[in-house]
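My questions will all concern the structure given below.
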């Protein structure tokens, strides 16, 4: 004789569980309970997005934010390999273009990052402006022109009508900062946000640097599994609260 | 270099402490069994053994010919032989001429353009000898020049050495007495790193003063107090021999070859230790003596059996 | 030579080969062949490749000049410090290259041990092609030292003793007796050193910087292209791969028993 009872119990439990997963009710704010937003963000956004993530989680109980930081080109490449990103925040529009096939919502420019001069603590060489970087006794390093911080630097030098011969053209801004911090180079052009968190260097502002700032776009990607939560996160970043965090770190406004 | 000189070789790590005496222009044979330190002594005098000390310091130009020849493998035979002259500054063409001449003297001129790896053992040794002689050394050292050669090659090299070493100061290390007899005027017998006995070749090999030297010479040594009829051994036995040649107050010794000893019940008491084939005879070794016996004529005693040896013929004892 | 290799070891060998060959095959599948020609012959790429070849050649010669004597000394020295010295000399083998670059900075950089001396003499090492050669030499030297030391230790110095006995000076002995016998080992060391030098990245980046034509070698060019045009990076990677494989395939002969004597 068939043991119907236990079988029936098993079946109904199974149905209930799958039913739960499939028919999770949406709440009023549009996000599901217990969702995880996987954010892929450019390395220069490490500190700010960590803070934004914490604040977002505080305001949206049950939602978790995981953060992956790397160079924008690497992130774009990974997304194209279907890495499970819900949100992509790139340091320049070119890399967002690289991942355009997977954009679900956006992109929107949410902030900008401008360059400043990084010099050794105490400014022993008395550097005051971009023109000083062309001096023979100053060893300057820059980003290579083909990367975003390099093209921004080139634009600034052109606007100031200064011709500089860098000793090295690095592939990313971290390497530039590193060489100034170690004393191998006397000066370099890095992001304002890098100066805020760097040790061993001082910064000198560049007049009208916002004109050559890099525009940072953000978008919801189809490679993730929580698009609603993702959209909510993007909205948070663009909100007044989110923008305040960005500005405090040295980023320029989104316009 | 003076007429006569001696070296003391010390190599404590190899248990060697030996003093050798050389006469300029003559050959010294260094006789000893394998492992007695002959190679160590030669290498020390050649200056290629860092852990050995030689006092007084040997003359600067010394050439060693080892058992394996040890030619430079990346050079031709001709370049090997020309090495020493060129190292001294002789021009290439001239050095090659000299080398060719030396190769001719060792009957190896046809090997001039071969590589050392293409040579047989005997050929390599001849070339090594040419290389040594081409360096015009003050002393030539030869380590077992006949080891590992077939009879024909050995005979050829012996004749070659007899020619080449005329008037040359040399030391030949060997473990066979034939080589010592044939080529050298003096001999030093090496036992476990130390010189047991040394002197003119014939004297040491026919009238040895130590049991070890006698053994190397293939003889049996009997020593004792000289009497009118013979030698009185410590055991109280008398060995009949002539004792006129023994000096007043000296001990007397007799070195007898085993072929002059017979197994006779009236002889000296002994115990058989080993039997050794010796041509078509068998050498019966005892603890004190040995005899060459025809196995077909006489029943062979076995190791461990008591035996009596008698010295036949009349020998002349000598002083020790 | 018959193979008595246990069958399970053969399986492991296949696994090992796969581990190395699959990624190489992976690179091949990513190359956009239609763009390949243009990407590897662009002026930037050619400059970088040319610089890589030139600096690697100079570095290899430097490795010969200082590595062979160092290997010889290690092989013949008798001292309780021998093991320590050898470990230190071989350190670049296990150091992450970036750490190697930092170490070079601390020694020869502007703020390094010799930095002040160099500046006083008017010499500036960092950001120069010389710095690239130094970085490459630093990482490739252990290969030369290792092969030389092994070859000399295996062979012993008996031949040299005999040469000296025949009156040859130390230099003559080295030139006529030691060097010809060392040739197989030197060839192996040279090939390995060259391959390592041409592939050097981390130390170069940290110590020498990256400037087209001066210090931006092929690996650094690839690193830059990753940020701009990943396709070009892959293409250039393939070229380096081919160069490395070709050099080793043509020139490397494993030391046989015969060649080690």
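Order of writing sets the labels: A, B and C. Residues in every chain begin at 1.
Here is the rule we go by: contacts are C-beta pairs under 8 Å (C-beta built on N, C-alpha and C of every residue); 3 or more make two chains touch, one makes a residue touch a chain.
Predicted model, so just to flag it, every value in this text is computed and none were measured.
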- request: Name the chain whose C-alpha centroid is farthest from the C-alpha centroid of chain A.
  value: B
- line: The chain pair joined by the most C-beta contacts is A-C
Message: So, comparing each chain's Cα centre against the centre of all protein Cα atoms, which one is closest?
response: C
- request: Could you tell me the distance, in whole angstrom, between the mean C-alpha positions of chain A and chain C?
  value: 38
- request: List the centre-to-centre spacing of chain B and chain C in whole Å, with centres computed as mean CA coordinates.
  value: 55
- prompt: How big is the gap, in whole Å, between where the Cα atoms of chain A centre and where those of chain B centre?
  reply: 91
List of chain B residues in touch with chain C within their complex: 46-48, 60-64, 70, 72-75, 83-84, 87-88, 131, 135
- prompt: Which part of chain A faces chain C closely enough to touch in the complex?
  reply: 71, 73-74, 77, 139, 141, 144, 146-147, 166-172, 175, 179, 182-184
Query: Across the complex, what residues on chain C touch chain B?
result: 158-159, 161-169, 172, 176-177, 180-181, 261
- prompt: Hey, which residues of chain C end up touching chain A in the complex?
  reply: 105, 109-111, 126-127, 205, 208-212, 215-216, 220, 223-224, 226-228, 230
